[in-house]
Each structure stands twice: as structure tokens, then as C-alpha cells.
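Listed after this line are the structures, all set down as C-alpha cells.
First chain A sits with chain B, and in the next complex the same chain sits with chain C.
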Partner chain A sequence: MTTTTAGAGGERINLLKVLGPAHIWGLGVGIVLVGEYMGWNFSVGKGGALASLIACWVIGLLYTCVAMIDSEVTSTVAAAGGQYAQAKHIIGPLMAFNVALYLVMAYTMLEAGNAFVAGDLMKTVAGQLGHENLDSRPFTLLVIAFLAWLNYRGVFMTLTFNFIITAIAFVAVITLFIITGPWLPGVAVTHKEFLTGLPYGWIGVVAALQFGMWYYLGIEGTCQAAEECRSAGRSIPLGTITGMVTLIIAASLTWYVAAGLMPWEYLGQAYTPLYDAATIFGNKPLQAFLFVGTLFSTLASANGCINDASRAWFSMGRDRYMPQWFGAVHPRYRTPFRAIVFLIPIAVVAAYKLPLDGVITFSILSGLLGYTFMSFNVWRFRKLWPLGTIKRGYIHPFHPLPAIVLFILCIAVYFATFLGYADYLISILVFFIFASFWFAWHRYKYVRRGDQFTMPWPRPKGL
Partner chain B sequence: MDIWNIAEYACWGIAGVLVLWMIADMVRVGAEYDEALLLSSREGADELLERGNATGEAK
Partner chain C sequence: MARQPYQPPRQGVPGMIIDSLLMLVLVFFALMAPAWIAEWRAAHEPAAEAAATDGAAPAVTWEELGQNPTMQSAWEKLGKDPAAAKEIIDHRFDYTIDIVKLLFVAALIVFYFWFMLSSSAREYREVIAERFGDKDQG
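Presenting the complex of A and B:
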């Protein structure tokens, strides 16, 4: 756990290496699990319940590829910034800058969406208890401020908290599934009655892929904690892949319960489908537990997003891709404190001013751009540093098949997004193109080119 | 004024205190510590790297 390298005039402050596999699981699953509580069901609206199940498993394949690829590369590039640091070492500075922006955008927008939903949940509860028109803004602000404060004070406490509330939210999903009595099909859950085929045909299945991302969006965030793991080579693969297994189970159970209790026309536009499922049973303790699960899942997601967005921003500051001031580490708490504070007002403005579907679509598209990068990244990584040239904590099987599958599925999801949100897709691409020009022509001159490549790797093949 | 109105004011207040505390601490740290020390962190290296570069990939 050595974090300060003392020396005459050469003292250094580094991020704390205190995290283990359970924290990584809590970070990855914590960011994602809210997607099981709400959001995934919009895929039902796009193509029916069966289309949603197909999307669940097809996108599950996409994210399994992401988890395997990320685990291998991150077990070698153990640096805060995750995919940003990977891109910097494997492809180059311009790609790294874009990847870091994808990460900051994806996580800050997701944080804003979660804080908004948490505030809105309080408004709903107040309405049900007789207090109409509660102002949700102070609750949204408190969520962002409290979680930022937690992140400011230390990563161990932050991700231990995330592990606990994520585990409770996951147990709530399992409890709901058990109470539906899956061993008695047709009694509580009646899939025969509610499954009506594909109402919009196979194009509905393609359209459902976009919201199928909700089942897993954010699991790749585990990589951001690599620099703070006691052993990244062990913790990142173990935490990420067990997290992915957890999510595939949670997604399948969620679909099974909701699709067996509600008609697809209702399910496809519900805001809180799991809470609605608990309400159908009329079981008050179950309802309360699902409410707690919903709230905890939004908090866990926002908390993990603050952790990840701040690490990406901090890493860019450290390499001077952004002002170096952001690359500071707190001398007591060993956190990237300036990056954490800087992102607070951005999240608050996004939560207050931007429409929720826009915030979430920007988050999905930023994530998708990152996944597309990963398919090229791992191919180049294996080409430049083949197996046997550097130590890897994990080696993903069947290379290059996962990279090819990932790329094809990303293209399919771009098409699905184009069907529903072409304006968002085009505007975000234009944003990143302008940002790239700004970086190449203006910002890169401030970067100390030799200092940014820190991995003590052998010279790559072919260079 | 019912409990929900009180909760609204409490949320504004607590959030304000937390944000102000972070800003005050950030300013204090900036004033008390040398900037070069605060910016001195280096990208992490896992123990795998230290062992792996000496020995190459485990077969």
C-alpha cells in the first residue's frame, strides 16, 4: 500500500492502492444495475417483449466482448483513465484524447440522469403520501453533492459504500424473482398470455438493440480504478467478469418477471417497471424493498460515474491534455480532488436543464464510440505486443473473434440509434470532430510528449 | 410547512455545506502544499509489470 515515494526533493503523492475484486465488482455492477430497474424496458416499446429478450442477449454478447478485451488490456495498462491510458499507449494521443472525452461525457451524463431520477423518485413518493408538487431539485443536488463529497474523501470508503448498496439492489431483484414463483409458470407470471411475437417484425428487434444497451451500459467503467487496485492484474479481470455474469443473470431475471406480469404495450413505456411489478403483487414489504432497490441503484450508478469521470479528467490533466491543474492528488485523501469538484457544476446543469432522454442518449453514444475503439485497440495491442512479450494478468480467448464480433455489433447499434435518434448521433459526431481539431491544432503543443508514455514495455514489434 | 418542505430546505442546506467544504478544503490544500508535490503522481504500474518485464510472458 505504498503511495508516497519519499526522497530528497523528489517526494511524490500517488493515488491509493487499496481496492480489491469486490470493489471492482461494486463499481462495475453499481454503475449498470439501475438499467435493470428502469430504461431497459424501452426496448420492449421498440419491438415487443421477445425483441427485448433478443436484444438482452445480443447486447450481452457485445458487453462480454468488451469485458474480455478490457480485462486483458487493463491488466497490463494499470492506470487511472482506463481506456484513455490504453489508447494513449497503443494507438496515439489524438485517439486517447477522444476516448477520454467519450468517458467523461458518458459518465457525467449518466451521473446527471441518475441524480435526476433519484430526485424524481422522492417527488413520486411525496405525491403518493399526499404532498403534491415537491421540488425535486434540492434532492438531485444533494445526491450529486453528497456522492462527490464521498469521492473527495477517499476511494476505499466510496467503493465500499457502492459495493454494499449495489448488493442490496441486486438482492431486491432476486427477491422479486423468487416471489413470482418461477417454479409455477402460469400462476403469477403468465408469459403465454403476454408474449405476442414480434409486433414490428425483425426491424423492431434491430431498433430494440439501442435500449438493450441499458442492461449493461457502464460495466467497462471498472478499468478506471486500475491504478487504485492492490493488484490490477487480478482485481480487474475478476471484478469485471464476475460483474458481467451478475448482470447477465440480473437482466434475464428482470425480463422474465416483467414480461410475465405486464403487457408489452404498458411495459414499453413504464418508468419504473420493477417497482410496478412489485406493485402488481400488492405486497407492501416487497414494494418497499423494490423502492429501496431502485433508489440504491441510482445512487450506486451516480457514485460510480463520479469516480470514473473524475479519473478520466484527472488523467488528461496529468498528461496536460487538459490544464495540468486538474492532475493534482489530494495529499491526505489521495483522490483526484480538483477533477471531482470541477465536474460537479457540469453534472448539476445537465441534471437540471437537459432532457432525460437526451442525457441518456449522449451517454449511450459516447459509450458506443468507446466500444468501437476497443475493437481496433485490442487488435493493435496484440499485433504490437504479441503474447509472450509482456506480462498480462489475463489473456482473453479466441482472439480476434471477440474484436470482430464487437465491431459488427457496434455497427448494428449505430444503425439502431440512427433509426430513433439520428439528430443526436450526428450532433455528437460533429462535436467530437471539432474537439479533435481543437486538440490537434491548439492543445497538443502543451503536452510533454515523452512524459505521457509511462509503461515500461519493450519496443513494439514492427516499429 | 410540512415535513417535505423542511426536507427540501434541509437538502439545499446540506448540499451547500458539502460543496462549500470541498471548495474550502481545495483552496486550503492549494495554499498549504507545494503545487509540484500535488502534481507529482505518475501513472500506476502493477507488480505484474515489474515481474513481467524482467521475465517475459509466463508460458
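Presenting the complex of A and C:
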């Protein structure tokens, strides 16, 4: 993709280049940090607390492979658009269309889940204050509408807002950890009393891999904002790497505190486990801070998700994979405003009609399909342009081992999802199959062939 | 020398609207299908119906639920009595594997990636031919 885009009236308008490493950190961590506040704990429900910890480590290996592979390909495919641009240059248009849809679905479902939790948090707190049966849905709608408006108005304001509220949410996790004093086992956190082994046996550990993805899902979305960075080469790696470090710390603290404060059966189905941890601890200021942290993490995540999903949809409009109408930039705010508005009803339907674990499962599966793509993408990349034929920003070691490990772990997570959520797996596969038929047999005729390859590389080997 | 660039047809407004609506409908069905299946199952499972008409559940104790005093204290701080906790504790996943369903899902995944990769490969050859020229032209 180039940095110049067609406006609604055919004029050429650029997206604003205003973002730095802190914004990228805010975008990446903002999307994923909510995974420490909610969602990861469904892995406890699928296999117990210890299974969740094992899943956290195993899926950490999956994301290490993703990071290694993505670093090489992204540093070489220096076009914005992340995995979408990679797919266009290495696999082909239908794969790129699917990759963009994975991004849209993963982020829009995550946005819906965030809005759902924000609404549910309001309901919980209202109940604790004596206002039972508060309807959470207006809050859910308000979150989606407010953040869509914020994104509509401009990326700089949006991601500056994200940076601030993400930082506060992260401080809240650290505060919870410090105040509960986990270095004094048996005082507040009592793992000896709560850890009950593996309630489902080892099949539960495999099943827990599904929601183990939630600890890290979405960090790779930072590269979606490359086109709006002042210096993408500096901002993207720096923001992403510091973001991963932040998340690893937050995930470890979260599991340790939550698993030592509440029974696994409760933890495995809670919508706001960290807020619940503060409630159990009985410290009112801490509870209030965790309320703020939970709310801010959901807002930051939903905000980043709208940013990323709309840019993926916008890119498809610009490349005519979707109607060109979506490829317009707002003449004043310089944002992909039509894509932002179009995705609102999808988020609202998901937030209103689906259970939280279902919404999260759709998001996880969309991400998982994208990671499966990465495993054969890097293999083909090395085959079409062997080392030495083009300049690479980074060469990942041990190829093809990371691709093989990633592929095997992806299969394990498909199986983990099959255990308990098979209907969701079938539904999303059928959706992507139909969408692929539609693209291959109808939509592709509108695509300009030569425009799909913009990198200054030599002809791919063997083609 | 690159081949003559492909000139795509211009899509009219009605076509754009139809394509956009079609995608919305597809997404909507994908999202709602599991919920509809769950509703259908709930309505057709005799065991669930019988349980629903059984009336009030007998009282349970923390000991019967296998909860030690620390766990019991945590449940109470979360506002759950033994009856409410039982509902949560009794909710268990069934990991019995339906081999036919598993094979069906595996076939779907294989077909999906096969179709996508083979179609992409064909389209990619067109992209490369337009960008770099046909192979025999160098």
C-alpha cells in the first residue's frame, strides 16, 4: 500500500503522520491489556487455574514464533497494512482479503466484548451501591458510539486518549499486585487453599489453550498504524517490543493475584476478575481504582480496536476488495470515517446478542486464522525471495522451526476451541468460506491486478 | 515488458450497496448461528426441560460443594451463597469428543485453506504477470 489514498471525490489525501512510539505502545497494550482484566480467566473455566498458567506459557511460545516471523516479514514488507500488505505481496489477493477480514473480525469482536464488559461493570457497581437490575445495554451502546465518534474525529486525539487511559489501567494492575502483597503468601493470596490441581485432567490443559490466546491477542495490531507514524521504522518495533514486555509482566501478576484470591470455578466465569479480586480483598480505595482500571482498559482496548478494524476495512475499500466507497478519507479529520461508521452495527449486534465468551471466541478464532497464515507465509516468503535476493530489516533464526512450531500450536488451539466451542469454530469457518467464494467469483473482477504489488523487489523466484 | 494492465469494470452505487449489505448479512449470520443453535438445543433437550420444571433446588452446604473455609469466605465476599455458588460450580464442560464432528471441522479447515491458497496462487500469477511481464518475456 502507498501512503497516498483516494478521497471521496477522487482527490489524493494522505493519512496524517503524527504518531510516535508512545502512541504505538498505547495502541498495542491498550488493545491487549484488557485481556488481563477480563477474558483470560475463561481459560481457568476450561481447565482450572494451573491449566490456565500452562496455557499462558504455551501460548507465549506461539506468540514468540509470531513475533519472530512477523519481525522478519514486516521489516521487509515496508508497506503499511501489516499482515494484509504481506499477504498481497507473498500469497495473493484472496489471502489478503481473508487476512483483512481476520483483522476486522478479531478487532470488532474485541471491541464488542469490551463494550459489553464496560456495561456489565456499571451494572455490578450499581448493584453493590443498592441499585439492583440496572440495564447495562445503554452503557454498552454509549461506549461504542462515543469511541466511534472519537475515532471519526481524528487519530492523534484518539491515540493520545488511549495512551493516557492505558497507562492508568496498567498502574491499577501494579497497584493491585503491591497492595495484595503476594510476597507474603498466606496473608492475602493463598494459592495453597485455592489451587485444586487439574479438574479436567490434561484434556483441560489443551482446552485452556483457547482462552490462553487472550493473554496476548492483538499485539501484532500495532503495525496497522504504520502509515500514520512519523517514523514507522522506529515507532513500530519500539512500541511493540515495550508493549510485549508490559503485557508479560501484567499477565504474570494478574494470574498470580487472581488465582490466589478466589475459587477457580468463580474465576473461570467472571466478567471482571480483577475488580472481583479487589472486592474480595475488601479495600474500598483499591476497589474504586480497579473499577477505574477495568473501565479504562475496556475503553482503551475498544478504542484501539475501532482504530485497527476501520483501517483494515478502509484498506480493502482502497484496494477495491470491498466497495471503493469505503476507501475514502475524511476531508477535514483525515480518518477512514465511512469504515468507522459501517462497523458500528456489527459491534452492537455482537455486544447485545452474544455471550462474552462467544464474542471472545470469535475474536480469538479470527486471530488464530491469521497466525496460521503467518506460518506458511514466511515459508513462501523465503522460497520466493531467498536470503540475499532482497534487503531484509531482520532475519529470524532457526527457519523453518518457528513456522513449524507455530503451525502445530495453531492446530492445537483449533482443537482446544473444538472442545466446548465447536459451533463457533464451524460458524466462523463457514463464514470465511462463503466470503472467499464471494471474493473469488465476484469481487475480484473489480481489483486492479498490478496495483497489488508495490514493493521494489525483483521478480519472485519460480514465477 | 509488462502485459497490458487489466481494466476492472466500474461498480455502480447499487452494486456497492448490495455488496456492503451482503457482507453485513454474512457477518450477522456467522455471529448469530451459534446462539441460535444453543437456543434450539436448549429447547429440544428433555433433560434440561425436566430440570427446569423440577421446582426449587434442595439446599446445599459449602462442605457438599467441596469448598474449604478460605474458598467459602471468598464466595461470600463476592455475594454468593451456597445455592448461587452451586449453579456456577455445577457448570462443567463436556469434553467427550464426537469423532464425526471433529472430522467435519478438520475437513472444513483443510477445504478452506486449500481453496484460499489455490485461488490466491492463480490470482497472484496474474498480479506478477502484470507487474513484471509474462515469464517467457523475461
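Operating definition for what follows: the second predicted complex is superposed on the first by the 429 of 463 C-alpha atoms of A that agree within 3 Å, B and C clash if a C-alpha of one lies under 4 Å from a C-alpha of the other, contacts with A are read in each partner's own complex, and residues count from 1 in each chain.
What we mean here is this: contacts are C-beta pairs under 8 Å (C-beta built on N, C-alpha and C of every residue); 3 or more make two chains touch, one makes a residue touch a chain.
As the structure is a computational prediction, the values presented were derived from the model and not from experiment.
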item: Chain B versus chain C as contact partner of A:I248, first or second or both or neither; value: neither
item: Chain B versus chain C as contact partner of A:Y424, first or second or both or neither; value: second
item: Which superposed partner A:L103 touches (first chain B, second chain C, both, neither); value: neither
item: Touched partner set for A:Q324, first chain B, second chain C, both or neither; value: both
item: Partner chain in contact with A:T76 - chain B first, chain C second, else both or neither; value: first
item: Contacts of A:K353 with chain B and chain C, given as first, second, both or neither; value: second
item: Touched partner set for A:H131, first chain B, second chain C, both or neither; value: first
item: Dominant contact partner of chain A by residue count, chain C or chain B; value: C
item: Residues of chain A that lie at the interface with chain B and also at the interface with chain C; value: 324
item: Chain A contact footprint on chain B (complex, rising order); value: 2, 4, 7-9, 11-12, 14-16, 18-19, 21-23, 25-26, 29, 33, 35, 37-49, 51-53, 55-59
item: Residues on chain C engaged by chain A in the complex (per definition of touch); value: 2, 5-6, 8-9, 11, 15-17, 19-20, 22-24, 26-35, 37-38, 67-68, 70-71, 74-75, 77-78, 80, 85, 88-89, 91, 93-95, 97-98, 101-102, 104-105, 108-109, 111-113, 115-117, 119-132, 135
item: Residue ranges of chain A touching chain C (in the complex, touch as defined); value: 45-46, 91-96, 98, 105, 190, 193-194, 200, 203-204, 207, 261-263, 265-266, 269, 276, 279-280, 282, 320, 322-326, 342, 345-346, 349-350, 353-355, 358, 362, 372, 376, 414, 418-438, 440, 442-450, 452-453, 459-460, 463
item: Interface residues, chain A side, partner chain B - complex; value: 11-15, 17, 75-76, 78-80, 85, 126, 131, 134-135, 138-139, 141-142, 144-146, 148-149, 152, 226-229, 231-233, 315, 318, 324, 327-332, 337-338, 340-341, 344, 387-393, 454-458
